[in-house]
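So, here's a batch of structures to check.
In the two complexes that follow, chain A is the common piece, with chain B as its partner first and chain C second.
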Partner chain A sequence: MSIISQDAPGKTVLLMGNEAIARGALEAGIKVCAAYPGNPSSEITGSLSGVADEFGLHVEWSVNEKVALEVATAASFAGLRGLCTMKQNGLNVASDFLLNLNLSGCEAGLVLVVADDPGALSSTNEEDSRAFAKLGDFPLLEPATFQEAKEMTKWAFDLSEDLGLPVLVRTVTRVSHARGNVLLDELPRLTKKPLFDTSKPRVALPVLLNHELLRDKLRRAGEVFETSPFNFFRGPEKPELLIITCGSGWMYSLEAVINLDLSERVGILKIGTTWPLPEQMVLNHLKKVKHVLFVEEVNPFLENSVKEFFAQNCGDLGVKRFSGKASGTLPDIGELSPDIVISRLQDILKVSYEPLPAEYALRAKEISAQLVPERPLGFCAGCPHRATYWAIKNALALDGRNGFVAGDIGCYSLGMGPSGFSQMKTLHAMGSGAGLAGGFGQLNAFGFDQPVIAVCGDSTFYHAVMPALTNASYNKSNLLLLLLDNSATAMTGFQPHPGTGKTATGHEAPILDLEVICKALGAQVEMGDPFEVEGTTETILRLLQDVEGVKVLILRRECALVRGRTQKKLFNMEVEQDLCLGEKCGCNRLCTRVFKCPGLIWDTIADRAGIDEAICTGCGVCADICPSLAIRKEVV
Partner chain B sequence: MAFQKDPFNVIIGGVGGQGNVIASQVLGRILLQKGYVITIGETYGASQRGGAVMSHLRISAKDQFSPLIPEGQCDLLMALEPVEGLRILGQYGNPAVISLVNTRPIHPIEIISGQTPYPDVQEVLRKIGELSKEVWALNATEIALEMGDPIFSNMVMLGAFSTFEMLEIDLHGFEQAIGGLLSSERLSENLEAFERGRMAVEKR
Partner chain C sequence: MNGGFRALEEKVFDRDLCVSCGACVSLCPYLRSWQGRTVKLDDCDLAEGRCFDYCPRGRVDLDELHRKLFGGPYKEMEIGKVLNVFMARARDSVWTGKAQNGGVVSALTDLAIKEGIIDAAVLTGRGTNLLPKGHIATDREDIFACAGSIYTSGPTLEALNRGPWNGDERIGVVGLPCMVLALAKMRTSSLETQTPIDRVEMVIGLFCTWALDYKSFMAFLRERFGDLPIGKVDIAPPPERLMKITAGDELHHIPLDEVRGFIRSGCHVCADMTSEFSDISVGTVEGEEGWNTLLVRTERGEELVKLAESQTVIESRPLPGDKLSHLREASLLKKRRAIDAMRDRGGLEEGYLTLSQELIRQIQSESKEGA
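Right, the complex of A and B next:
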């Protein structure tokens, strides 16, 4: 039984923030959940997919975020509660639909959970998705704890239904991907026949009328927020400093106040309903203080809202000092932490903080800097992408025209770093590698002669590469796309997609064949195995040099982690110590210095390569690249 | 109460793929059953791709603490890899920290490629000792490999961890906590790993 489906009201369990959101949706009686995976949001829909059959839900991994939101919205239109989840970048994809949906409104509760990634720990940007709440006039909730993640999600459905408007829940990595105590509530088992009321067309037109209705709905949300239990104050009646915070900033602020023993001097106003602002409540607290510090992740969203409101009311409020991101008090890029908040409170209130002897701290940092090597991210041992980039690197070198890779979003984005031999030179949004490569392909007429290789993963292909490929074919571009098919959405946790033959809930689905689709989109298609390094190199070189038009090379090899879950190693690997010539070989230690698979080790004393049996997955690729044939692979 | 301070802070660190997330979850579940308020934070992004990873556990009788431990405030450390232990102590160590170390190194790419050497493991353990009140150690990977799969090393380490009395972990609590989290087909192997870790750990 899944932890989120326990029918045990009153029981406390340890839930990840994302699981708590999923549980909240279950307690709210959702019937449909649709999403495209993306960290830090993936486990919400991931955990719901595991209980879908048990609860009679429809849960799907949609091909992209816009479609996902449309699927969840259809449920709402027909009277069933719908949930849609995504990461911050996904909201950009969904935004075209979203910014019309505000005008049409919704029927049953419709909640869009967006997980932001402050510090871009697993993203290509650290976008603050809260801007969309203001842009589209959506009520916005921000959970600060795991319990709140559940309660808020559950309540968001009621609020959405009351207003007839989708509600945004914005969470961040440190809430979504952390775990904590969550007290469970009742699980409803409702049955309701869906029906679309044709007397109430769901259209944005007439725009001005609907826009006025939308503004009214938002005003009503503001009134409801005034008494929300998600907004509360902790501290003395008249604090020297008022912290206004939301989301993960709450736990950091609390930690800082406790560590500095400031609970008699500093008050914390925690706001859970961050848009529209609960104005009267904020006003009441502003009246009592002279100095306010805003603690929130990424943009000064709450900070600017409060300051705008203050500008309207400053006549009654007197002079205030505002500190936050705009004043430079807190960093306006990157992630916050308890240490950052502690240090700013120390500066503001002139208090000392010494959690450990200074000489120890200095010594510990010195020793660590002296002895601890860096450990950068890289492709896993046995990852097909390392072999692919090896082939790309060699093909581009043989071609000799200063070619490069136009990258895309997935594990293979690591191709810009050392474990992809730094071949990737552009990286933006889902599908942008193929889009850019199609654009470079149009520049030949102007004398552009650098070969460009677009790469994309299998899931990314369905998400956003298909339009780019269609465009390249139609507009007669020259394009070489390497479709790195590892049979999973690997970066985000191995979710299935239309090429895998499985749905989110593990049921059989028709396989939408990549080869057939690419051909239908006008491409010349070839198939390859990235582990056949030499053959792949030759194919890439030939496609770069010989053929004009749109070409797709599908390189198929299952993700090593997916494979490792169910199957044994392909090969037992061994280095024949007599055959390995070490530094004298003349290969420049191709296996370890150049190819650098973490499954290999280099014995500096023996001057020989070796295999780390705790890491090696037995893919056999290193045996193929060793010029001395010292690395042996033996079929298991 | 078994813990001398509140919150009591535990860090489990190692290399992506070593199972620090599962180990922290099992420990968190055991402590939750005892009535504590638990927060677990994870360094993220590197979880399966060979980077340095950490889980932060906050154990409190009253408050839900943040998923990030402030610098210098680690009370108990489980290092699944030796230099990762030292890396964590550099930021989160203090003179009262108790450390448990898996002595088996995993070489980062820069070591494999020969740009820089891996430090002598005995030297690393000595330095961890210098920065800790107590150091306990075992080769958990070796034990797991003897059992046929390096995947068990995190459970070997949990067994070793259970010898610290303030955690109050026994085999029964461990068995309950892994139920529904780890494959039931491998239950007996996980229990064996736990027991072997318990037996093998030695104070240095």
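Right, the complex of A and C next:
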């Protein structure tokens, strides 16, 4: 049984923030959950997929976030509660639908959980998704604790149903991925026959009327928020400084205040319902202080909302000082931490604080450096992407026209770094590699002669590359797309997708054949094996130089991690050290200096290459690139 | 320390001086020949490398090379050291038509293999799309396939480096002056070579004024002749100044000025027209269709030529005096131009083409008089 499906009201369990959100959805009685994976959101739907059969839910990995939101919305329209989850970039994909859905409204509770990634630890941007709440007039909740993650999610469904409007829940990495105690509630087991009420068409039109209704709903949300238990104050009646905070900022602020022993001087107003503002509550607190510090992740969202509100009411409130990201008091890029909040409080309130002796921090760093081996950001041992980039690198070098890779979102995004031999030169949204490459392909008429190779993974292909490919075919572009089919959504944790023959819940699904799709979209398709490095290099060169039009080369090899779980090694690898030239002219450590598979090690005693048996996955590629045939592969 | 690959990049590639002789290719994984170019695949940071050591566009100390290979300083500034000069042609009609001029190169190579002087010869043949490619020839059929000149430069020495060799063959090489110079550098290198250079028993050098860049010349041919198969290509020197190209069934005459733009930039700094470090050098005889000029430079070259004469493999005649002096002039002119070009590129001071100041002055003044 899964930890989130325990039917044990009153019991306290240790849950990851994302599991708490999933539990909240279960306690709210959802029937449908649809999502596209993306860190730090993936475990919400991931854990629900594990209990789908047990609870009779429909849980799916949709091909992209927009479709996911549409699927969850359909459930709501038909009277069943629906959940949709995604990461911050995903909201951009879903936004076109979302910004019409606000006008049409919804029926049963519909909650959209968006997990933001402050500091962009596993993202291409550190977008603050809360902007969409303002943009589309959605109520916005931000959990600060694990218990709240569950409670808020659950309540969000009630609120959504109440208002007839989807509710956004914004979480951040430190809430989603940390663990804490959560007190469980009842799990309802409702059955309801879904029905779409045809007398209530769900259309955005007439826009002005619906817009007015939407504004009303939002005002109503503001009223409800005034008494929400997710908003509370901790501190003295008249604090010298008021911290207004939300989400993970609450824990950071609390820690700072306690550590600095400032509970008598600093008050914390923790807001869980960050849009629309609980205005009366904010007003009451503003009256009592002269100086306010805002602690929140990524953008000065609360900060600017409160300042706007203050500007409306400044006649009654008098002069205030506002500090935060917008004022430059806190860094406005990257992730916050308790240390950052502590140091700002020290500055503002002139208190001194010795966190830990300076040498302690130094020693801790030294010791951890000894314990943790240095691991540069790169592809795993035996990863087919390394071999693919090797072929790309050689093909582009031989081609000699200053070619480059237009990249996309997935493990292969690492192609911009040393592990992909720095071949990737553009990286934006899902599908943008193929889109950009299709655009570059139109520039030949103006004399552009650099070859461009688009790369995308299998999951990304279904997500957003198909329109780009269709466009390139239709508009007669010159495009070479390498479809790196590793049969997994590897970057986000091996979720199945339309090419894998499995659904989110582990059931069988039809395989949507990439080759057939690409052909149908007008591309010339070839198949290749990335482990055949020389052959792949030649194919790439031929397709770049001799074949006009839209070409797709499908390079198929299972992700090394998936392969490692299900199959044995292809080869036993061994370095014949007598043959290895090592640092001598003729090799200069090609395998450990340039190719750099983590399965290869530099044996400093012998001054020769070696194999790290524990890490090597036996793909055999290094044997093919060794100039002196010193690396031997033996079929297992 | 010679600076290794980084020096090769900075001094040769970046100045566009590489002529793709292939001397640095197939020695390591970082360099590859592709469509007439030597391509860097990855960076190598060794402070010393064979690539730069063997490069004919790297540092060259003619005096030192000469001393090591011919036992004396570099003095013969026009056509290098020679033991014997004459003109000749192959007797066997099998070479006629396929060979470029008199077929002497092919006939001598054939004889050397037949007599066991060498077991194999590294030649240059036309690959797909006329791409010059090094070939290891072990019989007459191979030699025949490679007969005739390819006027684009290609990585002949890559085949020497790559093999495959058993390790005991004696090897002959036919190459352009840049290749012959590279072989001389390989032979005298102080680095651990790991190449079969010690087993190179015969070097036949070709005369060469310049070679063309493969890609741009191919584009030109395609534009001119479309998909017509290209047959023999020949050059008629001044006063004709033509490139004669057989495309399809027709012979076309193209003014040399139209192809000059495709001359490899690295050829402009080459001071050697007659492959001065060969055993035997072979070129055309101006105004004598079907004959070759031969410069015999070493004892073993002399032996092979004598054998060829005695077995009536070639017939020879003295080279008329005016032809020899014309050859000297042309050769000197190439040197003078190379010195100027090297100076323009700042390579003279850096030790590329080390000639004594005196020799340089002499070359410059004499070739002016001759021109």
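Quick note on the criterion: the second predicted complex is superposed on the first by the 617 of 636 C-alpha atoms of A that agree within 3 Å, B and C clash if a C-alpha of one lies under 4 Å from a C-alpha of the other, contacts with A are read in each partner's own complex, and residues count from 1 in each chain.
Quick note on the criterion: a contact is a pair of C-beta atoms (placed from the backbone, for glycine too) under 8 Å apart; a residue touches a chain by one contact, two chains touch by 3 or more.
For clarity, every value in this text was computed on a predicted model and none was experimentally measured.
Is A:Leu521 touching the first partner chain B, the second partner chain C, both, or neither of them?
Neither: A:Leu521 stays clear of chain B and chain C.
Kindly classify A:Lys393 by the partners it touches after superposition: chain B alone (first), chain C alone (second), both, or neither?
second
Would you check which partner chain A:Ser419 touches, where first means chain B only, second means chain C only, and both and neither mean what they say?
After superposition on chain A, A:Ser419 lies in contact with chain B alone.
In the superposed arrangement, does A:Pro627 touch chain B (first), chain C (second), both or neither?
second
Could you tell me if A:Cys580 is touching chain B, chain C, both of them or neither one (first, second, both, neither)?
Neither: A:Cys580 stays clear of chain B and chain C.
Is A:Leu483 contacted by the first partner chain B, the second partner chain C, both or neither?
neither
Looking at chain A, which partner touches more of its residues: chain C or chain B?
B
For A:Gly180 in the superposed arrangement: first (chain B), second (chain C), both or neither?
first
Which residues would you name on chain A as touching chain B in one complex and chain C in the other?
The overlap between the chain B and chain C interfaces on chain A comprises residues 594.
For chain C, which residues count as touching chain A in their complex?
Touch list, chain C to chain A: 4, 27-30, 32, 34-35, 37, 39-46, 48-51, 191-192, 194.
Please give the residue numbers of chain A that touch chain B in the complex, ascending.
The touching residues are 1, 3, 12-14, 39-40, 121-122, 145-147, 173-174, 177-181, 248, 251-252, 254-255, 258-259, 337-339, 342, 355-357, 360-361, 363-365, 367-369, 371-381, 411, 414, 418-419, 561, 589, 592-594, 596-598, 600-602, 604, 612-615.
How about chain A: which of its residues touch chain C in the complex?
It comes out as residues 393-394, 397-398, 400, 421, 583-588, 590, 594, 625, 627.
Which residues, counting only chain B, touch chain A once they are in their complex?
Result: residues 15-17, 25, 28-29, 32, 37-46, 48-52, 63-73, 83-84, 86-87, 89-91, 93-95, 104, 106-114, 116-119, 123-124, 127, 130-131, 141, 144-145, 150, 153, 180 of chain B touch chain A.
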